[in-house]
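You will see two complexes here that share subunit A, one where it goes with subunit B and one where it goes with subunit C.
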Partner chain A sequence: MNLADWIGAFVGFVLTLLVFSYLIGDNPLFRITLHMFIGVSAGFAAVVTIYNIILPRLFVPIFISDRSEQILTLFPLILAGLLFTKISPRFAFIGNLPMSYLVGVSAAAAIGGAVTGTLIPQALASMNLFAVQSNQAFDANVGLRLVNGIIILIGTVATLAYFQFGKLSQASEKTQFQTWIDGLGQIGQVFIAITFGFLFAGIFSAALTALIGRVLFSVDFISDVLGLFIR
Partner chain B sequence: MRNPVYTAIAIGVGIVVLLGYFLQFDLLVNLRIVFLEWATILVATALLIGVVNLFIVHWRKSTTDQPNRVNSIALLAGLTITMGVAGWFGPTDLYSLWIFNYILIPIEASLMGILSVVLIYAGVRLLRRKPNLLSIVFIATAVIILLMTGPLFGIDIPGLAELRIWIGKVPAVAGARGILLGVSLGIIAAGLRILMGADRPYGGN
Partner chain C sequence: MEETYCPLCGKPNPIDNKFCDFCLAHLHPQEGGSTDSEALSIPGIEDNQDGLGGHESDSNVPDWLSELQQSNEMENEETLDSESELGQPANAISDWMTGVSGDGEATVGEVSPTAPFLPDQGINESQDIPHWLNDSLIEEEDQDLLEDERSGEVPLDGEGRDVSRGDSSSPEISEDISSGRENAGPLAGLRGVLPAEPGAARVRKPRTYSAKLKVSTSQRAHIDLLNSLLEDEGQPQPLPPRRSISQQHVLRWGIALVLLMAILWPIVITSHEMPFPDYDEGSAEVNRLISQLPENARVLVGFDFEPGLAAELDTAAAPVFDHLLSEGALLTLISTSPSGPILAERFIQSIQSDQKLIYGLEYVNLGYIPGGAVGLLSFIENPQGTIPFTIDGLSAWETEDRNGLPATAGIDQITDYSMVILLVDDPDTARTWIEQLGPTITNPQALMSFVLITSAQLEPVVRPYYESSPQPVNGLVVGLRGGAAYARIIGSDDFPGRSWDAFGMGTFVAALLILVGGLGYYVIPELSRTARDQEKVKR
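Take a look at the complex of A and B:
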């Protein structure tokens, strides 16, 4: 290891200890580390954004490209300039123009993404559960696959029933339909609990791996430092 | 006061982009690509505005006599040094990568590490405070999955490995699919409200 690596390892070791100090309770050193982390992350995000988006997509076309592309790039340049007025409370209203543009495009992109990226693929996947011909039809496990497919279908519908999109009825007595939906929603809650339990286990495994990694790093660093002095 | 110009812009560009997704006319597709390109630039600008605002807020906090001003000073130091080094040399330069490898990654990984302790604590609290069917199902699922994640001291519980695979392939998929469909339906509903002008989250009340 060269000097920069030694200094880096020392800084990483100290930061690891400062973050782990949270385990004995919230303390000022942990909060300082957290604030520094926010600052460094924000700084990196800003620089990466400037290098990867602002410079190549906004400033390079303005100075290097042909006339038509320069004119086309003027629109986002003006909108971006107007958006900067949001920093000042007095002139923030000027920034509503680019905000309305951004919200309109984002809403449309979100709808397009939700339909083509989630709704249709997930609905197709649910239908394919019962396409026995595509599953090497009528082998020994086809019955089991159909049972699993029915469970997945019931679970999907029940989970969806748990999310109530409609307006809740103001009437004191529930209609038969509402009672059905509520019952289905309760089954859906069990499926949601299983899904979250599964995700919880996955996240816990990842977190535990990270913990082991940091502990191993700390042990290695201490033994390296001790090795320097003992040798 | 509501400004109809903002609403018209939001609805107009939104409808053009949405049509560009579903109708394969060259004009619509090209307009969608151009509008999305401009929106990408605006999102990047919004991120920069957020960073500038973060700097201003913590600059004010650090220059006034407040009890936690040292936190703001640490944030400003991290922000300015990182922006200075990575901005001057570039985000993939050795100096920038030194900050990334020896400051960002240790803190991120350590935070992830203490998450494991926090998750254990939260799981125990859930069972102690609210031991109902759903919390028991939640914890039982997590325990079954975790038991079979690694070797269990050489102990082989019959059927547990199969149960873990079945949970991952059937009920967990059902719940996840329901949640994904629910989220996408919610996104579509919220997006359509904006495109119809019922919601106007861009100022002007």
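Take a look at the complex of A and C:
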């Protein structure tokens, strides 16, 4: 390792220890590390945006491009400039034009993507589990697929039933429909509990891997330092 | 001509009128009640007088009208004293009236002017007027109004009492008021006459109410309680003293110590006792897709994760990229996160020890796509127009007038890539990529595959996309386990066994802690309760 690597590794090791100091409770060292991380992230994002987006995409084309591209670049430049009017309450209404454009386009892209990329394909996929004839062409285990589909169907319906909030006809007496919904809701609770357990296991696994990464880094750094002195 | 409006019927009348031409109601508030002079001001009556020739035709004028004419000639009679207004004596009633109200001796040839207003048998005070009508004719409010209006004129006795309110000294006045006898106009002397205007149209002094609240004892107690609560809210409460070492601290340190020991043990010992997973379907599918890539295939790699999870994703992605680069793939790096480009560079540097990658020739970093889903959609539809330069300002694409980089040569649209690999740790980002790229991937004509290398916390979100049919996600490597499975599939020895061992041991100890903690949560209170029950039985 060269000197820069050593300095970087030392800073990383110290910051790792400062973050681990949260074990003894919230303390100034942990907060300093937190603020440093937020500041560095914001600064890095600003630098990336300026050098990767604003300069090459907004200003450079005005000076070195042909006339048509220069004119086209003026539109985003003007719209971006109008966004700065949001700073002043008096002229903030001017900034509504680029804001409405941004919100409208973003909403259209997000909703269109959700419908065509998630809602319809996932609904079709759930229905396809029961298409026995088409399944036979791909998979010999039609029975297993059917069982899988039935479990998914029951889980979906039961989970939806758990979130079905109805009004009792009388406080002391349940209707037959309400009894059915309650029974399905209890099954749905089981599916929800399994889902939460799955989510918790995934989050714990990711966090444990991150911890292992930091411990490995610390152990390697300490061994490198000790190796220097032992030599 | 000025007009005034009747308070009863609302119709316009000349300003001079005292009575409405339509309903005969008073147009102006009464001042001192009905007087003889007011009666003379009735236009109809005056016209009749003119028509009758005034005093020359006295013989044809009824007695009551002649009396009114006489009274009109009296000077300064506007202010009516109580005696002339309220206590008009019974003998002041004209003869024709007394004849009607008395014994009904009017002859057939002598038509009385009041005949149309009276029943045939006359008025019997004690029998024919209903009791409710008799009582309501003069209400208490009317009496008050009369008192107010005639203040100063009402005779008071020596002790200041109003003699008109039942004093024995003026029985006629009190009798007229209480009995509701009309004291002016053509119906003077009659009882039980309905008023021509409602009480609402009369001007009266508004009632006055006290501004003070009536507060009961219980309400006062509630007010005091609320005040005390509000005062306490405004005063800072001293914080409870913090114990330097609490039971929570001990528990936290204990769990952290156990976990650290479990992680450190395999790292220090370096004994690879945890076997790699035998098979993982998602990893195997990724392996199959990479193996089928043509030589020098262009692969787009998205780095969309935060530095905090770099350890997991770097470890999981390392064997996949080893395999990919061994197949001769050319990489195009991109990110929708500002920190993505630097993480991509860091990852490429980390695998440089095994794969000597040349920038521009074997890989290119396009940097950051701004705009989230919109930017990504724009890049999918028009890569060259969305990101024309690399992160270091070079022209990224080959065009007619510019030479591009070899790593991106031949790429005009997104489907020119053979594979898209996404390293992601955020559910929203993963869903955005899948949703925007999914329609292109599921298109049968597109010979392109989409592979995810994700954090373990993302598996519940992305697995349905992988297991659905048609597949918007063709391969899935999840977390450290997926990376280890891939390393086993390709037979790589480079996968960090220390990480896998530490992960296995840490997961085992964590499961043990959860089991022990759960048992303790239910068993310890149960045991203590049983012990208490036994002590009670002994006692």
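Please note the rule applied: the second predicted complex is superposed on the first by the 180 of 231 C-alpha atoms of A that agree within 3 Å, B and C clash if a C-alpha of one lies under 4 Å from a C-alpha of the other, contacts with A are read in each partner's own complex, and residues count from 1 in each chain.
Definition applied: contacts are C-beta pairs under 8 Å (C-beta built on N, C-alpha and C of every residue); 3 or more make two chains touch, one makes a residue touch a chain.
Please read these numbers as outputs of a predicted model, since none were measured by experiment.
**Student:** After superposition on the shared chain, which partner residues are touched by A:Val190: those of subunit B (first), subunit C (second), both, or neither?
**Tutor:** After superposing on A, A:Val190 lies in contact with subunit B but is clear of subunit C.
**Student:** Quick check for you: in the superposed arrangement, does A:Leu83 touch first (subunit B), second (subunit C), both or neither?
**Tutor:** The first partner, subunit B, only.
**Student:** Is A:Ala114 touching the first partner subunit B, the second partner subunit C, both, or neither of them?
**Tutor:** In the superposition, A:Ala114 touches subunit B and subunit C alike.
**Student:** In the superposed arrangement, does A:Thr175 touch subunit B (first), subunit C (second), both or neither?
**Tutor:** Touch status of A:Thr175: no partner.
**Student:** First (subunit B), second (subunit C), both or neither: which does A:Met36 touch?
**Tutor:** In the superposed model, A:Met36 contacts subunit B only, not subunit C.
**Student:** Which partner does A:Val105 contact after superposing on A: first (subunit B), second (subunit C), both, neither?
**Tutor:** Touch status of A:Val105: both partners.
**Student:** Given the superposition on chain A, which partner contacts more residues in subunit A: subunit B or subunit C?
**Tutor:** B
**Student:** Kindly classify A:Ile53 by the partners it touches after superposition: subunit B alone (first), subunit C alone (second), both, or neither?
**Tutor:** So A:Ile53 meets both subunit B and subunit C here.
**Student:** Could you look at A:Asn27 and tell me whether it touches subunit B, subunit C, both or neither (first, second, both, neither)?
**Tutor:** In the superposed model, A:Asn27 contacts neither subunit B nor subunit C.
**Student:** Identify the partner contact of A:Ser65: answer first if only subunit B is touched, second if only subunit C is, both if each is, neither if none is.
**Tutor:** Neither: A:Ser65 stays clear of subunit B and subunit C.
**Student:** Pick out the shared contact residues on subunit A: the ones touching subunit B in one complex and subunit C in the other.
**Tutor:** Common to the two interfaces on subunit A: residues 23, 41, 44-45, 48-49, 53, 105-106, 109-110, 113-114, 116-118, 122, 125, 195, 198, 201-206, 208, 210-215.
**Student:** Write out the stretch or stretches of subunit C touching subunit A in their complex.
**Tutor:** 249, 252-253, 256, 259-260, 263-264, 267-268, 308-312, 315, 338-339, 341-342, 367-368, 370-374, 377, 388-389, 391, 393, 425, 431-432, 434-436, 438-439, 442, 455-460, 464-465, 467-470, 472, 479-481, 496, 498-499, 502-503, 506-507, 510
**Student:** In their shared complex, at which residues does subunit A touch subunit B?
**Tutor:** Listed in rising order, the residues of subunit A that touch subunit B are 4, 7-9, 11-13, 15-16, 19-20, 22-23, 28, 31-33, 35-51, 53-54, 57-58, 72, 75-76, 79-80, 83-84, 86-87, 92-93, 95-119, 122-123, 125-126, 148, 151-160, 162-163, 165, 188-198, 200-208, 210-215, 217.
**Student:** So in the complex, the part of subunit A that touches subunit C is made up of which residues?
**Tutor:** Against subunit C, subunit A makes touches at 23-25, 41, 44-45, 48-49, 52-53, 56, 105-106, 109-110, 113-114, 116-118, 121-122, 125, 128, 138, 195, 198-199, 201-206, 208-216, 219.
**Student:** Sort out for me which residues of subunit B touch subunit A in the complex.
**Tutor:** 3, 5-7, 9-18, 21-22, 34-54, 56, 68, 70-72, 74-83, 86-87, 90-91, 96, 98-117, 119-120, 123, 133-135, 137-143, 145-146, 149, 166-192, 194-195, 200-204
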